[in-house]
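In what comes next, chain A is part of two complexes: it sits with chain B in the first one and with chain C in the second one.
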Partner chain A sequence: MPAKRRVAQLAMLAFAVAIVMFAYANVGLAIDQKIPAGMLGYGLGLGGLMLVAYLVLAKFAPWADPLILPLVTLINGLGLVMIYRLEEAEAFGASASTQLMWTAVGVVMFTVTLIVLRDHRALQRLTYTSGALGLALLVAPLLPFVGKEINGARIWINLGAFSLQPAEFAKLALIVFFAGYLVAKRDVLALAGRRLLFIDLPRARDLGPILIVWGLSLGVLILQKDLGSSLLIFGTFIAMLYVATQRTSWVLIGILLFIGGAILAGMIFEHVHNRFEVFLNPEDPELFQQVGGSEQLMQGLFSLATGKILGTGLGQGHPEMIPLAISDFIFPATGEELGLTGLMALLMLYALLVERGLRTSLAARDPFSKLLAGGLSFILAWQVFIIVGGVTNLIPLTGLVTPFMSQGGSALLANWILIALLVRASDAARQPPPQAIQDEGMTQVFQR
Partner chain B sequence: MSELTLLLIRLAFLAVLWFFVIAAVGVIRTDLFGSQTAGAASARKTPKPVKPAAKPKKGEPRQMVVTGGPLQGTTIPLSEATITIGRATESTLVVNDDYASSRHARLFPQDGQWIVEDLGSTNGTYLDRSKVTRPTPVPLGVPIRIGKTVIELRK
Partner chain C sequence: MNGPLKRVAIACLLMFGLLMFNVNYLQAVKADKLSSDSRNKRNFLARYEVERGRITAGDKVLAESVDTGVNKDFRFERRYPGGKVYAPITGFFAPESERDMERAENGLLSGSSADLMLRRGIDLFSGKKTKGANVDLTIDPEAQQAAYEALSASGKKGALVAIEPKTGAIRAMVSVPSYDPNPLAVPNKDKVNKAYNKLDKDEDKPLLNRAIERTYPPGSTFKVVTLAALLEKDDSLGPESQVDAPQVLDLPNTTHDLPNYAGESCGTGRATLSFALELSCNTPFAKMGMDLGYDTLKDQAEKFGIGGEPLSIPLPVAGSGIGRKEDDAALAMTSIGQRNNQMTPLQMAMVAAGIANNGVVMKPYLVNKIADAEGGEIDSADPTELSEAVSEDTARKLREMMVNVVEKGTAGAAKIPGVSVGGKTGTAENAPGKPPHAWFISFAPAEDPKIAVALIVESGSAGGEATGGHTAAPIAKSVMEAVLRR
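Right, the complex of A and B next:
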């Protein structure tokens, strides 16, 4: 029986906040030769937020995994420090106070989700509602008046004073939909079909759902020019389909469909084609000079190279040279200052977070929780892979945020809600089985 | 600020970062082997069980493992409480299976062994190959089949 481990959780949480304060002090010492005035403010702000989150967790999800919150706190805090550091270097658009404000809103959303949603299995009843909601959120930026185009991608909606990226929330709704849908339909997707060579092929008419999601993600790619979200949604669906059916053929079909779609999109659309060119020849001087060319990617790679094994030290490199270092390229920016050693630690933090999520999925006692937790942790891992692979030129670069690190309110909010759902599922999975009436002899009362 | 101090701070920061990772792994490690530690801790806390029979014997199962079906990999630690299996959401193990009834079967401890009882399910509960018609003791490692789900008791 897993213990509650609340003390371990509080200790790890305090440790995470302490590391973040250490990082602030380090930035200040390197740039201004003194402890920055804001350190206490930021540190206490983050610490206070996490204390609230911890108390809510202890009250409303006492059995939840003790590591999820500390890991997220540290990643979020390191992101805050990097943004603060880039703001000091006057990088374009960097604002640590805005990011801290969004972190606060994110933690509030986390606690509200935990308090309101006492049993995540209630979401199973909202399967098709959340599917429709996800679709609506994906389509919202395309509507006139509401939608807004920034930096060539039409993925924003205008909400008066600020704008939101609804796709970040759409992915949560879609995971709930996929989980509920696959629980209901897994048998037909897993069992029907025939065997060809050594692969179980599904029936042609069961291909419907995968084709629909494929069409959906292609639609996102074409209409919104959002390569990242498109890949994210389709990949997550394939992974959840595989988890639900344990059938390799779905993964193969998914990969084939994806390659087909990618080649097609590469041939037809200029911006996709451009990404491929940059991916294949980033060092081409002509591409480097071009607007929207490979300069950003190359600056990121130069940054990583400058960082070497141990990094230049916080506040001592020049990560502000990378265009958009605060959002898509915060990973190489961190790499320059913390080096390979720091990046590996950062990736380990993500890996541990995903491991805790998958562990939750493994321990869950009903199929919906299994798929939900599996899908949520997979999408985190997949997102980190897509963006880190992109900035290191392992795969073509697609614009996605690094979860919890990049500056941006929508992503931060959505990811904090994601963590709340994961914590809720983990609380249910780790709870000891309901105790029958004990210490009253052998008689047991059953209510009909 | 001298170069040397900054270098030391830099190295210290990386060390602290890795120390956090190692501490997190430590928490997971105790969690992995938690069934024993938690059991030992609760045994130490309660001074003496009320029932003399509650003292765990050596050959007694500690957990129920799902070895087949969609829920494969799930383990449920065994305590004194009855485990119910079925499609109903209040069951201990919720199986989503067209061949399972909503209240399909239950497992309960009696005189140091675990008994499986079919709760009038439509498609029956099987212990190894034979259908369970009345409450039957479950030996260690013998599969119980409920629809497509296979579970067994382990130490």
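Right, the complex of A and C next:
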């Protein structure tokens, strides 16, 4: 039986906050030769927030996986330090105080979600509402007046004083929808149709859902020029479809549809075609010169190459030379100063977080919980893969935020809610079964 | 559902594995190649982040880094108070490359050399930023200034090298026309490229260090090498020994005859060796060369360092040589410093210095001492023998005859009151129709030489019995005087 491990969790949280504070002091010492003035404020701020999150978690989800919150705290904290560091270097748009504010709002949303949503299975009843909400959020930026275009992608909506990226919230709503829908329809979707070579193909009439999601992703790509979100949504749906039906054929069909969509988009859209060219020949001098060419990617790669194995040290490199280092390119910016060593650790943090989530999914007792936790974990891994793979030129670059690190309120908020859902599912999965029959004569040992 | 979930988990691990593999490839395997890309602006910035060491000549600062403020992008800017006079030696520190001394000692000047490991270690613990090491040159500022002024005053292109015969220390090295290195060291690639291209396209080639990067036919100055070969072969010969000195020399297998300079006669058909050198007769030396043979002449030349391993002082020196083996007519021309005979001014200074130093040629060098920013010595000059060119006896005879050249012969203009000066003029045919180059090699004082000088004035002047004597000798005199005044 799983243990609560509350003390260990608190110690890990304190450790995560301590690492972040050390990093913060490091930046100040390197740049101004003194401990930054705001350090106490930031330290107390982050520490206080995490203490609140911990207390709420202990009260409302006591059985939840103890590793998830410290992992997220550390990643979020390192993101804060990088943004602070970029702000010191006067990188465009960098604001550590804004990011801390959004982190606070994120943690509040995390606690509110945990307090309000006592049983995540309630979401199953909201399957179609979620679907409609997800769709609405995706479409919102296209609406006149509220929608606006920034950096060539129409993925923002105006809400008075600030802008939101609704796609970040849409991904949560869509995962809830996919989970609920697939639980209901998985028996049908798993039915075998014709057999081709070694693979059972699904029946033609069951192709509807996958085609609809494919169309939706293409729509996001075409209308909003948001390659990243399009790939994110489609990939996550395929993974969830596979988990629900156990049919490898769905994955193959998904890959074929993806390739078809990619070729189609590459032929029709200059900017998609351009991304392929840049991917294949990033060092090409002509592409480097071109507006929207490979310069940003190359600056990121130069940044990584400058960092080498140990990095320049926080505050001692020039990550501000990468355009948009605070958002899409925060990973190479971190790599310059923390080096390969730091990036391996960072990727390990993400990998651990994802694997804890998938473990929750494995331990969950009902199909909806399994799909929900699996989908949330997968989308996290998939998003890290798409953006980190993109900025390191492992795959063509498509813009996405690096979860918990990139500057931006919408993504932080949405991801903290994602973690709340995961924690909620984890709490349910790790709880001792309520009607466990007491075996007389056996001693129960409670571990603390 | 657990089966596919486990497979999804494995897929996620694979994705992270791929990311990690790729980051390893970028930051460990490909990092050096990628980070050295010229489009990586960090390399450009990094050049101005360290306080580069100074280049000095004794008390005189030739190159220094000036702190422009802690938070500037380009914190340390390179300045050259030595300017044009020293530019061929110091070179310059450009945004993407460096040249001459800045290049040759770049590792030490920038502080990245392994020799500074200990210093860097100490700085790491004491929290100080490592500074580059200071490089002190062997140059004598007074001699250098005198040489630059005298050579510039001629209004011609040219070069001069002055060596301390006993050590090989280079006391002056001048090339004119020169350039101002300051505009080439500003932290602005466009400006520097523009300034550089302008200098590069200049017909007078101001960026060329004529003292070591160019070779010229040595003309009559080479006669001392031919004479050295003869004296080495037969030690019974001396300054008063008689040799054939015909009015014209018939060059075998050609329709040409070789006259003396301006068709003059040289004695009465026989002349003493000293007299032939004093008047710089062509025929006796051409005949001498033919009699000795190509191999003997080449061996003697090699003993003076000609055609040997390329020198590094530590600036790279162009190779000198007497040309390949041809027929006797060609050998006759080679023996008087023409044909394919090509020498750098530094090489001819080494010939003069070797004769001055009892026949021993010392390896020439420019760096006197290198010390880290705290004054701790890292390296200091260790004079080494390059070769033994001639015996002490031969050297003494050569010195005697070269003193006669100044006392009684073509180089009267090099006389310094109260000091016995040895020298040899040269007037080298360059291209038909163009005025010849004027050469002069010399040393002083003859009894105990403190300085040996070689210089060339391109297309020296037309007319006069020995243009080397008219144009070049007075310049050498002013440099020697500057050194001897010390």
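Following the convention adopted for this analysis, the second predicted complex is superposed on the first by the 433 of 448 C-alpha atoms of A that agree within 3 Å, B and C clash if a C-alpha of one lies under 4 Å from a C-alpha of the other, contacts with A are read in each partner's own complex, and residues count from 1 in each chain.
Throughout what follows, a contact is a pair of C-beta atoms (placed from the backbone, for glycine too) under 8 Å apart; a residue touches a chain by one contact, two chains touch by 3 or more.
Quick caveat, the model's predicted, so the values are computed rather than measured.
*Asks:* Counting only touches as set out at the top, which of chain B and chain C does A:Asn281 meet: first, second, both, neither?
*Replies:* Touch partners of A:Asn281: none, neither chain B nor chain C.
*Asks:* State whether A:Gly389 touches chain B only (first), chain C only (second), both chains, or neither.
*Replies:* Second partner only, chain C.
*Asks:* Is A:Pro367 in contact with chain B, with chain C, with both, or with neither (first, second, both, neither)?
*Replies:* Both: A:Pro367 reaches chain B and chain C.
*Asks:* May I ask you to decide whether A:Glu355 touches chain B, chain C, both, or neither, giving the answer as first, second, both or neither?
*Replies:* In the superposition, A:Glu355 touches chain B and chain C alike.
*Asks:* Counting only touches as set out at the top, which of chain B and chain C does A:Gly307 meet: first, second, both, neither?
*Replies:* Only chain C; A:Gly307 stays clear of chain B.
*Asks:* Is A:Pro66 touching the first partner chain B, the second partner chain C, both, or neither of them?
*Replies:* Only chain B; A:Pro66 stays clear of chain C.
*Asks:* Once the shared chain is lined up, is A:Asn158 touching chain B (first), chain C (second), both, or neither of them?
*Replies:* neither
*Asks:* I'd like to know which partner A:Ala381 touches here: chain B for first, chain C for second, both or neither.
*Replies:* The answer is second: A:Ala381 touches chain C but not chain B.
*Asks:* Counting contacts the way the document defines them, which residues of chain A are shared by the two interfaces, the one with chain B and the one with chain C?
*Replies:* Residues 244, 339, 348, 355, 362, 367, 370 of chain A touch both chain B and chain C.
*Asks:* Flag every residue of chain A that touches chain B in the complex, lowest number first.
*Replies:* Listed in rising order, the residues of chain A that touch chain B are 1-3, 5, 8, 12, 15-16, 19, 22-23, 26, 29-30, 33, 66-67, 70-71, 74, 121, 183, 186-187, 244, 310-311, 313-314, 316, 338-339, 341-342, 345-346, 348-349, 352, 355-356, 362-368, 370, 432-436, 438-439, 442, 444.
*Asks:* Which of the residues in chain B end up touching chain A in this complex?
*Replies:* Contact set of chain B toward chain A: 1, 5-7, 9-11, 13-14, 16-18, 20-21, 23-25, 27-28, 31, 34-35, 37-39, 41-42, 50, 70-71, 73-77, 79-83, 89-90, 92-94, 96, 98, 110.
*Asks:* Which of the residues in chain A come into contact with chain C in the complex?
*Replies:* Touch list, chain A to chain C: 239, 242-244, 246, 283, 288, 298, 301-302, 304-309, 317-318, 321, 335, 339-340, 343-344, 347-348, 350-351, 354-355, 358, 361-362, 367, 370-371, 374, 377-378, 381-382, 384-385, 388-389, 392-394.
*Asks:* Residues of chain C touching chain A in their complex?
*Replies:* Listed in rising order, the residues are 1-9, 11-13, 15-16, 18-20, 22-24, 26-28, 30-35, 37, 39-42, 45.
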